[in-house]
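These are the structures, in structure tokens.
Common to both upcoming complexes is subunit A, partnered first by subunit B, then by subunit C.
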Partner chain A sequence: MVQFEAPAGPQPGRRRPTFPATTDAERSDDRSVMARQGRWATWWRGGGPVTVAFLVPMLLAFGLFSWWPIVRTAVMAFQQTNLVEPAHWVGFANFRHVLTDPLLPTALRNTAIFAGLAFLFGYPIPLLLAIAMSDLRRMRGLFAVLAYLPVVVPPAVAVLLWQFFYDASGGGVFNTVLGWFGLGPVPWLVSSHWVLPSLVLEATWAAAGGTVIIYLAALTTVPKELYDAAQVDGAGIWRKLVHVTLPHLRTIMLVTLILQIIGTAQVFLEPYLFTDGGPDNASLTVLLLIYNYAFGSTTGGGDYGDATALSLLLAVGLAVLSWVYFRLTRSWSDS
Partner chain B sequence: MSETTSFVSVSDLRRPGVRWARRIVNVVLFLILVVVALGPLLWLAKSAVTPAQDTLRKPMEIWPHGPDWSILTHAWSDLQLRRYLVNTVVIAAGSWAVQMLVATTAGYALSVLRPAYGRILYGAVLATMFVPTVVLLVPLYLTVLKLPLIHASLVNTYWGAFLPAGASAFNVALMKRFFDNLPREILEAARVDGAGPVRLFTAIVLPMSRPVLGVVSVFAVLAAWKDFIWPLIVLPDPAKQPISVRLPSLAPVTSIDTFLAALLISTALPIAFFLVFQRFFLRSEGLDGAVKG
Partner chain C sequence: MKTSRLRAAALSTTAVVVATVALAGCGSSNDDASGKGTVTITVEGWRPGDQQATIDYVKQQAAAFHKLHPDITVVPKEWQWNAQTFPAQLAGGTLPISFRVPFTDTKGLVERHQVADVDKEIRALPYFDELNPNVLAAAEGTDGKVYGLPSDVYANALHYNRQLFAEAGLDPDQPPTTWDEVRADAKAIHDKTGQAGFGEMTKSNTGGWILTTLTYAMGGRVESEDGKTATLDNPGTEQALQLLHDMRWQDQSISANNSYDWAGVNQAFAAGKLGMFVSGSDVYNALVTTDKIDPKEYGLAAIPLTDSADAGALGGGSVNVVSAKATPAQAKAAVEWADFFRVKKYTDQDAAVADAKAQTASKQPVGTPTFPIFDQASYTNYQTWIKDYVNVPLDQMKGYTDSMFSLKLISEPPVQTQGVYGVLDPVVQKVLSDKDADIPSLLQEANQKAQQLLDQG
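Moving on to the complex of A and B:
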């Protein structure tokens, strides 16, 4: 420790392993050392322990909170546990139970409708906004800030605020505005037909800004020469948009689409806070069902085996979906 | 900067029709953004200082009987908002610290120190990106409930709320890619001058990485601030809950004006944070990585 170089780092725990093999002198006779001693010594003198020390935070974080839970999902899906007695194996019973749950088709259908509506509302809007905004010169910063503002509102706050907007009486905020145009009143959250579109509307408001910024970033990378060349060839604004701008965005559009689908397949917060799955399970989603198995108050919760079994099925389903998606779109963009 | 790339060229703009159409599009775009994006927040700001009766009877009218500023102070003291905001700040700060520690050290080890087994580790990290985090909620909860080997429980502790945020493959990938692009000559020069791995990390790599550190930081803080489901599960004790978890349970027992004031107060901080650090949120490099990562 005497000849230790001041590391300037505030983590004293990291100091100990750094002292061997950090000086040039030691590094230069690495080769001769390798001949005499084993691989272990080489590794030790070559800075191996320091590298491991740098990797410790990552190994701890991922080991405890990512890799271990992933392994556990695969194990617990085949077990029954109540956290008091030791878990015991039940084979495919959890899967059988989950797949025959009469609520599963409802949850799947609602999740699919949610994802479909989110695609209809939420996919074109950010793209159009970003394209229109990319043409701005001085005001682009202000527009981008405005578009991003809903993204920084905590989702719980946004949902609780929109709950006032969705007040189904004629005096609710949205119904008052609709009344100005002679429309409504719409029974937003209390009707099983309107509840999913209402949730999607709020979710789109909350998320669109993030996608706008991603598209805006991509739009600034379109080479100016392409526009100039199209211009020379006599292309107008519309044809430049269709033949230069959109093709350049294609990769990002494909990525944002699958990310959006994966995201909406896991929708939880909106149905949980707005309606808790109601009315009459019309907004029950797959993730809400998983949550209810494990932590739900009405069903009793504690069904950790069922919850992990359904989680596993959802994860596998999404993985297959993304794999198929990338296979399909790759062959499409190659041809 | 006036010559930014755009599908509307200078010669297009010489045509008066194009100029007018563009002006109209811009004004309409601005109005849409103000009404749709800002509108709900303006309504919240208005209603937070409006007496309950006015908001209930005429939600779209601006202060029919004048604003009542005391609602804000009532909400602050009656609902103990300070305690929940402090909880939120503690969790966000812890989440930021653990994410920065994991991402910088891991990115440095994988990008600069490059151990032989680094590729396998990096693959194992990237693979977790394909597992949706919410799918791991239940096993993660059970892990935190009884940590492997040491058998301690992190439930109802701030540690349990923020430590799992460290396992972000996205952060590690972003950091590693940024370190990969640092000029190797500078790192080599530092090595020749006798800088060890620790010195190289703290004195060369970190100071050169301010942009990516800023981007990861602001997104880490905002994500922690916005998180709902994880703190809801891991902090059943209301005294420890962050504000966004606490608000839904306050809703049924609070009058509408006080509650809207509470909503405004809990939104004000993240919005101020965003406005101060907007260049990190809106800069293209970080988001470009966000898409490809």
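Moving on to the complex of A and C:
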């Protein structure tokens, strides 16, 4: 693990409040009061109020819009409320209800398949793209821009665009192209077998650009001399990749992997906008189920307690997963 | 110097944030605190994106209402029902006191106590006993109390594209009147024009909504009358699914691409991609204002019914409800407003004419067939009053209007309406996406899920 340690000794350019020695002051109350006043004065003069003042807006903003809703979510998971009358406590009833919901296994399975497919296809693609781009001598910027463009397209617009691609009749863009080779038509979004791979394909297209940029930045930190040395030793492209590039990227790769796992476990936008969980719940994900509990497609809505209970379970699950992940990969991520 | 400037900046930022938070806290003032003996209510006025003429009309009506009831001030707001934003608006106190909810959502709100009990106020209206009982059922809770005033009622009907009918060699003035004819016409349209002969909604509970409509048309029901027993595995639903299955897999007249919600199917139909689809009889309004359909292409027919004595058309509409946060005085005022603004026009010529005039001025469709909220006589009267302002192609809607009064209107499933529709959505999707779907076992499975929902109440 990279450790950031403050260098010993005085640090030029950095103002630190210097507190008066207190050993003498402890001997007498008067002197103690004076010392305390002195501390306050020093804290005040040394920029203490500025620190607090800078901190307060951030604390308020995070507190109001981030931490307080999290606390309320945790509380609401144990309540039943209609948001009008006072909420009443129901113990673990909400948890029991969501855990026995026959749709939960479906949602978990779909989410796991989505995450698995995204790992298989969505994870290596940005890495390979970045490595290929970093080897370009010219127009690297242009390709980086091209790779990043899908990230700039608003997700709802991208979904509309891809709906044309995924048109299941013979006239859709993909099916037309497949038709040239005598293949298809593939029932992309309207088949329970094809729907998840179709969503992963679009999600990968939409998100890969961001990860490519991260990898490209990381690749610039790999010392050129290592490649030269490897070349002198007779290493080809493949061995340079395996023995120089990937070891240097592994810390970043570990982070992007856990981010991807968390992101795909919370996939909502694609199934919500493309299929609303269909056909036959084949693309119902955990987050879409949570949404439906509260706002109503599949269950009739209004079950805010169930929605928050499942949200809490998902959050705890992901937190535990992240902890286990970092424990397991701790030795591997040490550089 | 630098530090003090930083300090000033930070302190002023803090002050702004604190002040904003404090102001936000003050934002939810009580609408009722408007003076002695008077009451102020916010009401659903116009939809987002409505034209200025519509907004002006609503404001004029609010002023006219205030003249009649000097103790009530009506503040119309831009608002449209949205199940997603409703809870936040209710909790945050920004919901209008009076607003409309689709029939499908009313019962859920009643069950969750999210709308006020206005039973006494509604029953006190002079025409209460004349309200069509099937229509009133949508505003009733399971406790038998009335929770709102129904308006904008329609029966689900068959919409068809006259242009595609003509291209397929069919007579646009002879829309199908049996399901066999629907199937044959759909196949002809697909075979001759290459477009889908029939479109079926499948998403966001609309799949269940339309499947229930087809079930009713074939004499089936998805719930017992008391709403205690799920009956999704009835012969009517099975017959309806078999029809959809055969149109999809044998005739190909339902496209492989069939995946629609309410807005999606409207869009596809207006674009000339569908020969027929089933939706509310008043969907023409949305087809014109949102999807810019060519009126010449539009045709409306009654939904075909089988010979079963129980066969009928599923009815829909809106219920004017009152926010659960309203005070008793506000609730009373809100019912009076709903009566004045939404329903009175069916009993009062001046109100009917003023309403039609305003709609004509804002280029809104006037005269689209709905369903009588009272009886045939009052509906016919209303149509006569607004005759001069009608701007929709009524000749092309005869297939519906000729038989609408003999049509048996059946209310939506009484308990867990949206929940049951939600259970049926995947069944429709499965039948349309899997050629080998086993319809009876799908329905049995769905019935168990629906029964669980009904058991929860």
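Rule of thumb we're sticking to: the second predicted complex is superposed on the first by the 277 of 335 C-alpha atoms of A that agree within 3 Å, B and C clash if a C-alpha of one lies under 4 Å from a C-alpha of the other, contacts with A are read in each partner's own complex, and residues count from 1 in each chain.
One rule holds for everything that comes next: a residue touches a chain if its C-beta (ideal position, glycine included) is under 8 Å from a C-beta of that chain, and two chains touch if they have at least 3 such contacts.
Only a predicted model underlies this, so the values are computations on that prediction, with no experimental measurement involved.
In the superposition on chain A, A:294 makes contact with both subunit B and subunit C.
Once chain A of one complex is fitted onto chain A of the other, the partner contacts of A:64 extend to both subunit B and subunit C.
Within the superposed three-chain model, A:237 lies in touch with subunit B and out of touch with subunit C [touch as defined at top].
In the superposed model, A:262 makes contact with subunit B only, not with subunit C. Comparing subunit B with subunit C, the partner in contact with more residues of subunit A is B.
In the superposed model, A:83 lies in contact with both subunit B and subunit C.
Once the two complexes are overlaid on the shared chain, A:47 sits against subunit B and subunit C alike.
Once the two complexes are laid over each other on the shared chain, residue contacts for A:168 go to subunit C alone; subunit B is not touched. Residue contacts after overlaying the shared chain place A:157 against subunit B, while subunit C stays out of touching range. By the document's definition of touching, neither partner reaches A:203: not subunit B, not subunit C. The interface of subunit A with subunit B overlaps its interface with subunit C at residues 47, 50, 54, 56-57, 60-61, 64, 83, 167, 172, 294-295, 304. Residues 5, 7-9, 14-15, 18, 22-24, 47-48, 50-52, 54-58, 60-62, 64-70, 72-73, 76, 83, 129, 131-137, 139, 141, 143-150, 152-158, 160-165, 167, 171-173, 176-177, 205, 209, 213-214, 216-218, 220-224, 227-228, 231, 236-237, 240-241, 244-245, 252, 255-256, 262, 266, 268-269, 272-273, 287, 290-291, 294-295, 304, 307-308, 311-312, 314-315, 318-319, 322 of subunit A touch subunit B in their complex. Interface residues of subunit B, counted against subunit A in their complex, comprise 1-9, 11-12, 18, 22, 25-26, 29-30, 33-34, 36-38, 40-41, 43-44, 47, 56-60, 98, 101-102, 105-106, 108-109, 113, 115, 121, 124-125, 128, 130-132, 134-145, 147-148, 163-164, 166-167, 169, 172, 192, 194-199, 201-203, 222, 225-226, 228-229, 233, 243-245, 247-248, 251, 256, 259-260, 263, 266-267, 270-271, 273-275, 278, 281-282, 284, 287-288, 290-292.
Contact residues of subunit C toward subunit A in the complex are 3, 6-7, 10-11, 13-14, 17-18, 21, 83-84, 87, 90-91, 108-109, 111-114, 202-205, 255-259, 261, 324-325, 416-419, 422-423, 425-427, 429-430, 432-434, 449, 453. Here subunit A touches subunit C in the complex through residues 47, 49-50, 53-54, 56-57, 60-61, 64, 82-85, 102, 167-169, 172, 185, 187, 189-192, 275-276, 278-281, 292, 294-302, 304, going by the rule given at the top.
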